[in-house]
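Handing you a structure now.
Naming follows writing order (A, B, C and D), and every chain is counted from residue 1.
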Amino acid sequence: MAVVTTPGTGTGARRLRRVAVPALFLIGGLSVPTVVTNVGAFEDRWFPLTTMVLCGIFVMFTLGLNIVVGYAGLLDLGYVAFFLFGAYTAGWLMSSFFFQIDPGIHIFDAAINPDSPGINLSFWIVVPIAAVVAAIAGVIIGAPTLRLKSDYLALVTLGFGEILPQAFRNGESIKGFNLSNGTKGIGPTNPLDMGWLSWTGVGKDAINVFDYKTRYYVIFALCVIFILISLRLRDGKLGRAWLAIREDELAASLMGVPLMRTKLWAYGVGAAAGGIGGAFYCVSLGGVQVDTFNFQFSVIVLCMVILGGMANVYGCILGAVILTWVNYTGMKEIGNSVNNTFGTEISVPKYQFLIFGIVLVLMMLFRRDGMLPAARQKHSREIDAQIEKIGTEGVA
Amino acid sequence: MSDLILDASQIRVEFGGLVAVNDVDFQIPTGSIVALIGPNGAGKTTFFNVLTGLYRSTAGTVMFDGQPIAGRAPHQIAAMGMARTFQNIRLFGTMTATENVMVAMHAHLKGGLWQTIFGSPGQRREEQAARDTAHELIDFCGVNGDPDEFAKNLSYGDQRRLEVARALALRPKLLLLDEPTAGMNPQESDDFIAFVRRVRDAKQLTVLLIEHDMKVVMGVSERITVLEYGSKIAEGTGEEVRANERVIEAYLGKAATHGAT
Amino acid sequence: MSSMSQAVRGGGREWNATNVVGVALLGLIGLWILWNFIDSPTQVIQVAILGLCNGALYALIALGYTLVYGIIELINFAHGDLFMLGSVFSAMIISDWFGQETSNPTGWAVFALTFVAAMAFCAAINVSVDQLAYRRLRNAPKLAPLITAVGVSFIFQNVGIIWNGSAPKSQNAVLPGGSLEIGDVRVPWTYLFTVIITIPLLLLLTWIVQKTRQGKAMRATAQDPDAARLMGINTNRTIAFTFALGGAMAGAAAIMYLQNNGTTRYDAGFQLGLIAFTAAVLGGVGNLTGAVLGGLLIGLIQGLNDGAPHGLGQEWSQSVVFSILIALMVFRPSGILGSPTSEKV
Amino acid sequence: MATNAHTGPMLKVENIHVYYGNIAAVKGISIEVNAGEIVTMIGSNGAGKSTTMRAISGLIAPRRGVIEFEGRKISGMPGHEVTALGISQSPEGRRIFGRMTVDENLDLGAFLRNDKDGIAEDREYVYGLFPRLKERIHQKAGTLSGGEQQMLAVARALMGRPRLLMLDEPSMGLAPMLVELIFNTIRQIREQGMTILLVEQNALAALDIADRAYVLESGVVKQQGSAKDLAASDDVRKAYLGG
């Protein structure tokens, strides 16, 4: 592995940490499904595998957004667009939705009915396609807007995040062609296929609807791959260029960093993760619903990045896991416990937005760098009153 | 190689109605050290910004190393071999000294996205070589602090030197230094003069500096161009410039020459 | 940075490809309106007037964005939700406190009272948020206050859910119902009232900003906070005052919206806020006249899109507005009236 | 106000340290300004002159050290309160309000005052000092020439009727003729009894009109003394004449 030149990597303790943290993460992550087995038991009630799978999906999204916001410093409030593209790509390519194609195309798929019409590709083929589709969408959205100032960029990405779901909601009949099936969504999609693993004895052609264990392992593996990509990119030429742009765009360009291209790469890579997460989400739920794609999603993923620690991969993972858990299980269970103990009837999930909002505000006010700040941010607590002065001479 | 690394003719920059640079001709012989001086607000930094592509001049052409720079983005001009430092230090504060220097190698490094992701042997070798070069440059420029320290935590002098190291990582043909000795004491300034000479000789490049400190200017430059409110008022060797009536006037102020009597 | 982009754009306007496409787009929109008009003039006039009345609402909200952006360059994300809280607050006073259900002289008095109360309510909330949150972030990187604003927007929405419920609630109008009919064109009275009330508010706002001492302080702070401090201006108080003005406009918009639409919903602010922000950008963010012009234009375009014979229909309303926003950002980020050196605030 | 009761120097800067982030721009500067004096701070770029000015005006708080104005501690006080005590500054780079008219800029200079007559009087006074501004009274300040903008900046500072006037590089970027005009005006203002703290790069011009001077270098005071002595000193001549 390349040597990371963050300050103080030389010391033994740091080196140990560099090995220990990923190892603990791997062991912990892999053991989750073996711990959570007894249906109805405490651990299943508080940490059900369904939620753990969702955690994995949100880790993927958070890491993707982290590349855009954390690494490159570009505020994207429309990340939902990439989620959408990934999910619909899976919907289109893994179901009988395009019934016009009959007999259907079947490639290593796990369709219940092997003669079903439509495009039926293996999930493992769809994953790279979804990544590419989302990345292209990212570049298309990014290209005209990346020269905007940060806050304007946020607004434009938000605009795309609003237009696309509306387009898919209304995309039931585009000149008679049904692209998105409107509010009804696309489904059911073919199950996740694990046939290619059959030689190990683990895999089966199609995993059962209730097999969250396999699902968990799949998203866990996808996340691990993207974590590695994130870490490698950060330490390479591109990652340096991203950080430089985030620090001082003008100086970066004067040091030979092409601004547009570098920013577009950030958009593309970040979007690809959104696409992969989206495709898995679709397959995991067995379909796509257009109402899933809203602005709240974009903000929640942003919250995860910020809560965990911008530009820190492990921080992002932590942020994603915590907030997903709070969102899907924690809030409900805490509410139940409170109500059971005190005999009250408070609907805690009703306060979801409030909690997210407060988290965002408090983090910005008191701990802007997140729970696990990237090493490089630790020192930046103190705000430099750097005076932007270049070129003011003579302008007055 | 042409004799002139830079040939700017009739450069004019206007902001709204204000003329910041007024039809300036400016040549830099390859391999020389030249200085651009003038009072604050004379248009020196504006002129730098035109050369590096930040500003588009209202009129005039700039030929750099035999090629026009018109229509090129700042990063393209940088990649052609024009590197600069800044009047107010502009390092990437939360990147290490080494990383700062490595950013400037961007244009020379080949490793793309896929090589980086898969960690191809070529990419690793290249990264290692880049890191070594960065350390050499940091040494060469005399940065005393830890190369793995964040740029913002380095001392002021180290930050100034690191900016030069970063600029050198571009493998420049022309190095532009914008008030490099601002905030330095005389001893540091003297060291800096020696350093600029050393850089020029070791890296075989051309240096253009903007300075205020006359002592530095006289000590290091082979040719001096004097700007005053956007116009060139004198040009020549240190001796010539120092003897020039208009320069004395611009620098000492008329009030002094008259009033003091 | 800004001085750089200004300089690069410098000189006169350059006639490049982006501009050509931009002008072509404008031309197409013009042709589309003409086409609609020739097809069905009455319908077009009808929807245009309704659109403009809605536009007056957008303008009021847009002013809040533009004032705040003008002075601290913050896109106040929570502004739309502030407007929503204002509408729920107004409904509470009118229905719950006074139990007013119909339009009669008492109702009008209640309306007048609520009008003032809503403005004060929104102003107070806006100022409090500024002092509690944004004020501490004045020197922070730009991203920090923006994200804070997003957080505040979430908080407001949740307050809206708790206060108003998660489903839309139908509310009574206390202003006279019915419509003004001119030929085949009918305009509801409440819509007209919106316009009638908006105009003096705008004049008052312009007077405050242009003529009063506070307005002077606002303009100075917007241009150069440090220099303003050197003049003895308490910039923090000036910024708070600006938030108060913006909030008051949102309060006025809120009660008028309530009278027009007769519903309160917790997510009304998100949509309307975004539309209003687009309006502010369209007019040139930071420019008061621009915000009003932008609001009216967006209202008009939206009205035509939703109701004209060749419009895309209401289900595309949002997309049309945001497409305008995106096109603007690409072709003319400074808006219609804005220019890099234009008057801020 | 206890103005009259106060003896000692009008402005007293004691060993202040000012930082931008981690960089110390001023490392222990002490200066004094007595009522009625013109005191100048000279030195090259980055010597800490403007930062000291900003610290006095309350735009940046010194990390260490104390600033007193007429016996009152003003370090750490917000800028607008410092202005209210009677310190006006014409900042470096002029910082006029470019989108407002000349007249409005002057109005802002008198922002804290309520005495209509006094303001009108001062307006006449500054228009008398700078007749060129009077010709441009309704023009947007951003469209003025550099020299006119500088005049406006000085005039605006005077409109506050300060007891201490601080001028930061008033000759910056100006043609020699205008420099002379500005300096002559400073002389005139001084003759009215104004106390002036002047930061200049045009060292000899500054020394010529000042009573006392401080030479700053790398954030510390290198030399101080009467302006006459310093102007005659070899060191100063060397530093500013390059030989």
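Heads up, the rule we're going with is that contacts are C-beta pairs under 8 Å (C-beta built on N, C-alpha and C of every residue); 3 or more make two chains touch, one makes a residue touch a chain.
This is a predicted model, so every value here is computed, not measured.
In terms of C-beta pairs in contact, B-D outnumbers the other of C-D and B-D. For subunit B, the chain whose average C-alpha position is most distant is C.
Centroids built from CA atoms put subunit C at 47 Å from subunit B.
Subunit C and subunit D have Cα centroids separated by 43 Å. The centroid of the Cα atoms in subunit A and the matching centroid in subunit C are 33 Å apart. Each of the following residues of subunit D touches two or more other chains: 21-22, 142, 146, 173. The set of subunit A residues that touch two or more partner chains comprises 250, 383-387, 390-396.
The multi-chain contact residues of subunit B, meaning those touching 2 or more other chains, are 13, 15-16, 18, 40-42, 49, 54-55, 87, 93, 152-153.
Those residues of subunit C that touch subunit D in the complex are listed here as 213, 216-217, 219-220, 223-224, 226-236, 341-344. Residues of subunit D that touch subunit B in their complex: 21-25, 44-48, 142-143, 145-146, 169, 171-177, 179-180, 183-184, 201-202, 204-205, 207-209, 217-219, 231, 238-243.
Per the touch definition, subunit B reaches subunit D in the complex via residues 16-18, 39-42, 87, 89, 93, 152-153, 156, 159, 179, 182-186, 188, 212-215, 217-218, 228-229, 238, 242, 249-256, 258-260. Within the complex formed with subunit C, the subunit D residues making contact are 57-59, 78-80, 83-84, 88-89, 91, 95-100, 104, 107-109, 111-112, 142, 156-157, 160. Contact residues on subunit C toward subunit A in their complex (touch as defined above): 1, 3-4, 7, 73-75, 133, 136-137, 139-148, 150-159, 161-162, 166, 270, 274, 277, 281, 315-316, 318-319, 322-323, 325-326, 329-330, 333.
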